[in-house]
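Look at the two complexes coming up: subunit A is in both, with subunit B in one and subunit C in the other.
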Partner chain A sequence: MTEWHEYIWKMRPEHLAFVMLIACLIPTFFTLGIPIPPGYLSTDYFNSVESIPTGGIVVIGANIYDIGGYHGHRDLWGTQFYHWVRKGLKIICVVLDTTSQIAFIDVFRRYGLEKGYGGTYEYGKDFMITPFIPGEETAMARFAADIWGTCAGRDWYGTSLTELPLMANIRSFADVHLTTFKAYSGTHIEMAIRQWSSANFPNVKLVATHAFEDLAYAYGTRVMGTISGTRGNAEYAYMVRAKYGLPFTNEEVIKIEGRVTEGLLMWIAIAVGFVHLQIERQRRAAPKVKEEARA
Partner chain B sequence: MTTTTQLTTRRTYQRTIPLAILSFFIVVLVVEYFEANAPAGQPKTALQVFQTDLLGMANTAALLVQIFATCTLLLWQSRRVYRRTGLRRQIYSSSVFLAVFIFFMALGLSQFEKLAPGANYRLLYMTFIGTLTATATGIKFLHHAFWTFRLFAAVTTLESATLFIAWFLTYAREMVLTVALWPGFALIGDTIEVIPFSASSRALLLSTAVAAIIIAARALVGREPGLIDMEMVEK
Partner chain C sequence: MNINQFLLLFIAFVLAALLWSYALIGDTYLFATGEAVFLGGIAANTTFAAIKALYEGVLVPSSKGNVYQILALVLGALAFTRLTKYRWAARYPTAILSGAGVGLIVGLNLRSQILDGITSTITGMAQSTQYLLTGAAPKGFATKIGDFVIPSSALWLLWWWALIQMAVMVLTFSYSRAIAGRFFDPESRLAWVSKLGRIFIMIMLGHISCKTLLGDSLDSLMSWVVVVFRRTYDQIITGVYA
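After this line comes the complex of A and B, so read on.
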């Protein structure tokens, strides 16, 4: 007869995946209200944005090369842009791959930030999107030193930068206050640390949305805050909501609750696995004891 | 013309000359990287102005090469994908779909965004590519969790026990509930990620960088066989 712990141990991957999926889905329908204590990383990020005066310039570069990366963390993007807009910061969106312009356009419209889509921000006056600039770190270095030259004097839509009021007094990162970078690999944030931080432009504050371990060596000197992982995303959403109120249900909060239910389930499964292995070891050891006793 | 002469000629104009130009720009960029910038507000010396101009030229040249390389790569990759799957009878419907999709994406990248203002293109792109890749990532994590469970449930050695404890503590950091119950979990998780994990990942990066420098140096002195040599051997 199969005992209860054997069911767990012999569970097929798809069955376990299904159970975990259910566990993750619980917070989608019923918000659990789990407390989210903001850690120092997210707090540093939030405070760095808060320290920029109204009208300050933010440069956000994106090298996501996979629009699913935006799709999966859309509400984090939305929260970041919403925070900047509520602070009254002007935003320059730098397209460093072939898809991130879609993310930039989408985030302004989906979250009601752009004029004509429920918001107040006007293209060319409050924000702009650059053309695709290939070249990874070279492109970043060139852009930081000479924004107009790197863009060949035009934006994503082909409009001359002379027609965009936002760009009238911006030539290089000497005119920028805050920089940040969207990419999903450890080497990319290193590029930002080298090219887009105070290492080259003392006036610039670089903040990140990268895992802490990727930038720990530069934290506090070159990187002034980071939103690290799903927990960081939720913490940041919590802080922005607390100060400005978020007009949308933030899926990052749902995700972190899903992680808690999923994690608890996984721990239970592992504990059951240990129990099963212990019982099996005892079973295997039992006949040996009898034989030794007979001898 | 003999094969040796052909090879030498091709090496000169296809490899040696571009490598010499590239080496010059690499030196400029490396020197600039290690040299401190002039403090803000202070006038630059004539040498610093010259360096700035040289750096601007190097960056522009590198950017142009990157643009050319990216465009060539995109075209080559599209052609390769199309030739591998192109209009085979066995997978006719998916081949046609793929061909239309590649064409649509190429057209969309070049033109659609500038038309009215590309809302349909963005919607389709987000719906197809965005949803599919996000779903694939989600499934990957579920599968990953299963194997994590199987591996850690069988903790039998000191190594696997150490890994299990490290995983448990870093996962505890990621669960806000545990951090809310005891904030020490956040500190422990950070410490594990910053010291042992960061050290090992940076060691990996460093070894890759050293290997890349060695290969680049060998290529510069003509000791690393390039595509030209391989093409000649094939002939």
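After this line comes the complex of A and C, so read on.
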């Protein structure tokens, strides 16, 4: 008869994948309330945003390749924009790929931040979206030095920047307080560190949403906080919720709980494997002992 | 949720299922269909965005007298000569882009990735020594992880470790036979430097592999479950198209 540990040991990968899926589904529908104390990276990010005075200018660039980069983490975007709006910061959204504008338009509407969609922020007065600016790092460098020139004097909708009250006193990053960048590669945060940080503009604080190892060399000098990975996303959500309240269920919190259940399952699998190997070892050793005793 | 929104939701769910079929039954027409729809959609969007950028960024300003913008258009168009027998012309936009990129990157890269690293390592060494000897942490010198105070001796050792790693990595991976050649010569008395460098690189790659293969895989599964199941469930139950 197959014993329980032997049955688990011999499970097919497909069955294990199914069990893993169930482990993910539990926190997806039933919040477990696992405490996630904020670490110093997320705390630095939160405090950097908090240090910007009301009315300060935030520049967020995005090069997310395809809209999936937003779709999978939209609650993190929602939390960031919600935080800036509650702080009363003015937001310039920089479109550095061909799909980021969809994310920017969506985040203001989906999370009820824009006037007419349940919020108070008015396009042109409190936030604006640039046209698509191709050219990666070259474009980022030029944008930092000359915002109007890089946008050819227009926003995403083709409206002249002269018609946007927000842009009246903004010409370069000398007029900006906080910068951040959305991309899912280490290369892009390096571009931001070189072009959009205090390396070029001492008045600017750069914060990131990248893994710490992508920017460790610049942390504390050029990068003043980062939301690192799923845990960082959840920690930040906890902090914003604690201070300002979040009017939506944060998927990032669900995801970190899922990571915990996945991790727990993996540890159980390792423990069961260890138990199985020990029992097998004892079973193999047992007849040998008997034979030795007979002799 | 109106009927159009419900249909969109249903199509999204079907597309997600088609793409996920790859994991269950491999590369079939189901997966190919989902993949083609996804790539086609992205290609269409990219084309429209590029045309819009050309119109707003080049054609409109050019028509108002900023004719120098046409130079950029011509340079961009030259890139497509790669598809013709005049492919040599494609070298010019490539050379200009590469030149501008290198010019932008080199100075700042040297400063942020090399000089800043060396400076902060030496500063850390000096500050940790001062902390160890006097017991007083210099201003801005990190001595805690959360609420946990790291002993000064441990900090001093950590900064020594950082210094050794930095020195070994810079010496070993300088990509110069003249500088690093003797570290890679098995007969050399300094061959241990490259061996140590390899160990440090393996530790780094091990960390990255673990994070990418294990951490990111777990994240992807969880993200997929939330996007496909939770959002669909929420939309069907609440009726709010999100």
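Observations on the structure shown:
Keep this in mind: the second predicted complex is superposed on the first by the 268 of 295 C-alpha atoms of A that agree within 3 Å, B and C clash if a C-alpha of one lies under 4 Å from a C-alpha of the other, contacts with A are read in each partner's own complex, and residues count from 1 in each chain.
Please note the rule applied: a residue touches a chain if its C-beta (ideal position, glycine included) is under 8 Å from a C-beta of that chain, and two chains touch if they have at least 3 such contacts.
None of these values were measured; they are calculated from a predicted model.
Overlaying the two complexes via subunit A brings subunit B and subunit C into a clash. In the superposition on chain A, A:I268 contacts neither subunit B nor subunit C. In the superposed pair of complexes, A:N203 makes contact with subunit B only, with no contact to subunit C.
Judged by the touch definition given at the top, the superposed model places A:R222 against subunit C, while subunit B stays out of reach. A simple residue count on subunit A separates subunit B from subunit C, and the partner touching more is B.
By the document's definition of touching, of the two partners only subunit B reaches A:A234; subunit C does not. Of the two partner chains placed around the shared chain by superposition, neither subunit B nor subunit C is touched by A:A242. Residue contacts after overlaying the shared chain place A:T28 against subunit C, while subunit B stays out of touching range.
Legend: residue contacts after superposition of the two complexes on their common chain; A:I105 is shown touching subunit B, with no touch to subunit C. Within the three-chain superposition, the subunit C stretch that clashes with subunit B turns out to be 92-100, the only such case among 2-10, 92-100 or 110-118. Once the two complexes are overlaid on chain A, the subunit A residues touched by subunit B in the first and by subunit C in the second are 20-21, 37, 39, 66, 71-72, 98-99, 101-102, 133-134, 138, 141, 158, 194, 200, 211, 213, 217, 229-230, 259, 262-263.
Across the interface of their complex, subunit A is touched by residues 42, 45-46, 49-50, 52-53, 56-57, 60-61, 69, 97, 100-101, 104-105, 108-109, 111-113, 116-117, 120, 142, 145-146, 207-208, 211, 215, 218-219, 221-223, 225-227, 229-230, 233, 242 of subunit C. Chain contact summary for the complex, subunit B toward subunit A: residues 33, 37, 40, 55-56, 59-60, 62-63, 66-67, 70, 74, 109, 113-114, 117-118, 122, 125-126, 129-134, 136-139, 142-143, 145-149, 152-155, 168, 171, 173-177, 179-180, 183, 186, 190, 193-194, 197-198, 201-202, 205. The touching residues of subunit A, counted against subunit B in their complex, run 9, 13, 16-17, 20-21, 34-37, 39, 66-72, 98-99, 101-102, 105-106, 133-136, 138-139, 141-142, 145-146, 149-150, 156-158, 174, 186-187, 194, 200, 202-203, 211-214, 216-217, 229-231, 234-235, 256, 259-260, 262-264, 266-267, 269-270, 273-274, 276-277. By the touch rule above, subunit A contacts subunit C in their complex via residues 20-21, 24-25, 28-29, 37, 39-40, 66, 71-73, 98-99, 101-102, 110, 131-134, 137-138, 141, 152-154, 158, 190, 193-195, 199-200, 211, 213, 217-218, 220-222, 229-230, 251, 254-255, 258-259, 262-263.
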